[in-house]
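Below is one structure, written out as structure tokens; comments come after it.
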Amino acid sequence: MKDSSKSIKYIEKEKLGAFIAELQKEYVVIAPKKVKEFVLFEIIRENEKPVLDFRNSRQSPKEFFFPQTENIVEYEGIIDKRVPLTRDTEMQKRIIFGIRPCDIRSILILDKLFINEDYVDSYYKRLRDNTLLFAYGCNEPRTTCFCSSFGIGPFEEKGTDGFLTDLGDGYLVEGFSEEAKKAIANLPDAAKETIEKKEKCKKLSNERAASSVPIDTIPEKLRTMFEHPLWEDITERCLGCGVCTYLCPTCHCFDIQDEMIDEKGRRVKNWDSCMFPIFTLHGSGHQPRELRYQRMRQRIMHKFNYYDDNFGIIACSGCGRCVTECPVNIDVREILNKIKKS
Amino acid sequence: MENTEKKIREVAQKLLKDKKVNLVIGFEKGTLPWKSRPVFIRKHEDADKLVWNQFCENNLAVYIPFYKKMLDKGNTIAVIAKGCDARSLILHVQENVAKREQLIIIGVPCEGMLDRRKIEKEVAPGEITKIILKDDSVTIKTEKEETEQKQSNFLSDDCIMCTHRKPVVYDELIVVNIKEPPGVKRETILNEFEKKDPQDRWKYFSEEVSRCIRCYACRNACPGCYCNECFVDCSQPQWIGTTVDSETDLQLFQIIRTFHLAGRCVNCGSCSRACPMDIDISLLVSKLSQDSKQFFNYETGLEIDDMPMLNKYSEDDSNEGFFEEH
Amino acid sequence: MKRNPYIPIDVKVDKIRFETDDKLIKTFDLVFLDKKDEEEFMYFPGQFAELSILGKGESPIGIASSPTEPGFLRFTVMKVGVVTTALHNFDEGAIMGVRGPLGNWYPIEEMKGKNIVIVGGGFAFTTLRSLLIYMLDKKNRKDYGDITCIYGARSPGLLCYRDELAEWEKRKDMSLYQCIDWKFGPKGPLEEAAVEGWEPINLKEPVKTKLKPGSKKFTAFVPQLVSAVKPGAKDSYAIVCGPPIMIKFTIPVLTELGFPPERIINSLENRMKCGIGKCGRCNIGPKYVCKDGPVFSLKELEKLPKEY
């Protein structure tokens, strides 16, 4: 418990606002906010308090690294004389506060795609390099959470700069990276009993998060399942919308589009979804994935086989968003169990 | 409710056994406490999977266009249909998606579906572990507590405004007595909204729509949205921008989609329910239905021999609200 | 620091010409505005680039020029979509962008010392031209054995690079066989020559055709011509590039001739956007056509799902 490599602080709940204000002097603070009846990660404005009594946010904070719409080139002038305008790459440091461990894992999964030896996505990297991640332990995981299937617990620390635990009256705030330690340096040190209290929370929650899908053999199993009746079977009720992919913290497919308004133009990356037929439609009219089940197969295969093949990790963190929000209750846990059994 | 379920299973089983239909589309128990989900039954012995309760919220007519090829070959599909599902099926017949004789409408009078967001709100941030429906009560269990309430507290907004609980056109009707829930007239709700001045109305609409993530769940959950190529997907010419940071494009998407549903919307609420960002889409389409009723005395999917509203012209058609000068 | 892979490199459209009689295909020679960019743009036959027109979009196109002909990049482009239409409307002198070189290339090292059979159809001949020019280059020719090229199009006017075809026809260090599609009657292809001078191949059993010495131009579908030419499989590689239907019928012919799957090389197409293996749309199984391809051996393709 006496770990000199990290700093352990404590903050009472009512002082959270002041602490956020302190952070805002140096950082753009991104934290959960209530939108209608649900929670989303947004930039916290001055004097605004984050909402921390939530299970998980409707969307993950993925968009702060991989925005749904992101300018990649800006330009102007007449069509046959245009060249890219140079852009300012300076940005203010950001801190994401209250991100759940599953969403942290998802960012680590995305890192492998966007920052690798083949090519580096400089837009993603810039946002990633300038952002501290303060995770928030899950005292009460959702019934649809299955993060433990992927070796992530509700208190997983891997990939975080700091960690926040709700202890009832206040939060235990841990700093792991040098910068995180600096950011919380002004908070009072945590007492021994509060640290013990966190351990208790952690233990309790780990037991609660026992819901899990056995995924160990899935990637290997899928290798031989490309032609399998299962795909048509699980797809029949699918509406072909983008809810699963757009709420998924690891889905990363995008489109590149140009847009002009008067003489000013921009080229953007937009999220795209393998569930949309237009995603793979060739200019010639040829369509490699004509049927719904082929697109469903691509989604599942990509996450649980192809990604594992290419990067050695499954592209799912068990956050359960696709499970709760699918309009027709296509449940990926059920699909995984079916794959396992077939 | 159990009785209804039993009758549905019997009818489905018989249709399949007698080879009157190739497929029955109904509902089965879902994996979440607040959800019954679409199921596709092809063998009579599977008819026992069918369930009926107040979580059978999807409009099942949405699947009919997916089976176009199967229908073209002359196959027949039975659909377990609430009032709204049946009206959408009639729309499909009117628009030549299917022939009337190819659709067996198993009508089920509907007491209105429960809105899971309302239930979630009631227990938040608690997590629903189980829901028990009995008579007109609902018991919601979370990890820590249990609460029993009247079902009517959680009725979905569109079901509250429902005008046709009993299917109007059907082949088989599951005869059950339903209690009429406390209906509120669409006009009442809309009039309330229309009392606001235009800026406030626009503010509400644009704030709602600003959350759109363009997942197109509203479109895909809608039985009326089955164009081969949706205008948002068309690239030559491109009608609408592709980003989410342009407010105009998000507004345009919802407005155009709504107009495409003029005289075609049955107000089933599927669009709003499917929306992962809780955008109040129903409000917009509701207004459209009210106008159809007011100006053309037209309600979608009530008469099989009728034409869709915008396909017919009558000299008596109202010009009101058409080209209004301001 | 490495270049941002999403930002196009500035180039000028130096020369434009119609490639085919239907005027749907044009060839563009592009030159770099900055000499340094040209030095950095190191490419090999088989690679492609994203042609970028700001305000319109990008289109992935195989590089038709060869690294042995420095000073320009050549692209042969059919007018199909928004970007290619805009490109066709350009005049010489226009400024545009190029992102690349992208993808892998034909196994030019591995093929050294081997005979090469090039099989191409229609306007997919572009990267095959690059390969051919590369191998025929004075410095490289000795590295390869016999070079046979079989190339077909629907009609004579739809063959690309006709000036060069005429030159290659005369060369002693390679054999070029060209073909055009059969003329069709009400019951299918007619057994006669489609155009005078384009000798018909035995329609039903092309393999029984005895090629007259010196004949180089035929009426046949590409797979039939391959059957008739019977290129030897021993120590040979076959490089096949063309429309899917041509590839589908050519591969069994090559297999019949004894080409093993690892020595049948294909270049694939798929809908692409980023070109760098990120955007997730061009995958066939775990492989991305843009990054792991577009060049795959038949052996590699046999391991992938048939989803292209």
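Think of it as A, B and C in the order they're written, each chain with its own count starting at 1.
The working rule: contacts are C-beta pairs under 8 Å (C-beta built on N, C-alpha and C of every residue); 3 or more make two chains touch, one makes a residue touch a chain.
Computed from a predicted model, the values in this text were never measured in an experiment.
Student: Name whichever of A-C and B-C has more C-beta pairs touching across its two chains.
Tutor: Result of the comparison of B-C and A-C: A-C.
Student: By CA centroids, point me to the most central chain in this structure.
Tutor: Looking at where each chain's C-alpha mean falls, the closest to the middle is A.
Student: Can you work out the whole-Å distance between the CA centroids of chain A and chain B?
Tutor: From the centre of chain A to the centre of chain B is 32 Å.
Student: Please work out the Cα centroid separation of chain B and chain C, and write it as a whole number of Å.
Tutor: Centre-to-centre distance between chain B and chain C: 52 Å.
Student: Between chain A and chain C, what is the gap in Å from one C-alpha centre to the other?
Tutor: 42
Student: For chain C, give me the residues that contact two or more of the other chains.
Tutor: Residues 81.
Student: Provide the list of chain B residues touching at least two other chains, using ranges where the numbers run on.
Tutor: Within chain B, no residue touches at least two other chains.
Student: Give me the residues of chain A that touch two or more other chains.
Tutor: In chain A, the residues touching two or more other chains are 255, 257.
Student: Spell out the part of chain A that touches chain C in their complex, as residue ranges.
Tutor: Touch list, chain A to chain C: 72-73, 75, 79-84, 113-114, 118-123, 226, 252-258, 260, 265, 267, 269, 272, 274, 279-284, 286, 288-289, 294, 298, 301-302, 305-306, 309-310.
Student: Would you tell me which residues of chain C are touching chain A in their complex?
Tutor: Interface residues on the chain C side: 2, 4-8, 10, 13, 53-58, 80-81, 86, 90-91, 93-97, 244, 269-271, 273-274, 276-281, 283-286, 291, 305, 307-308.
Student: Which of the residues in chain A come into contact with chain B in the complex?
Tutor: 35-38, 53-55, 58-59, 68-69, 140, 142-144, 236-237, 239-243, 245-247, 255, 257, 259, 268, 270-271, 273, 276, 278, 292, 323-325, 327-329, 331, 333-334
Student: Sort out for me which residues of chain C touch chain B in the complex.
Tutor: 81-82
Student: Hey, which residues of chain B end up touching chain A in the complex?
Tutor: 30-32, 35, 37-40, 58, 62-63, 66, 117, 120-121, 124-125, 127-129, 143, 211, 213-217, 219-221, 233, 241-245, 270, 273-274, 276-278
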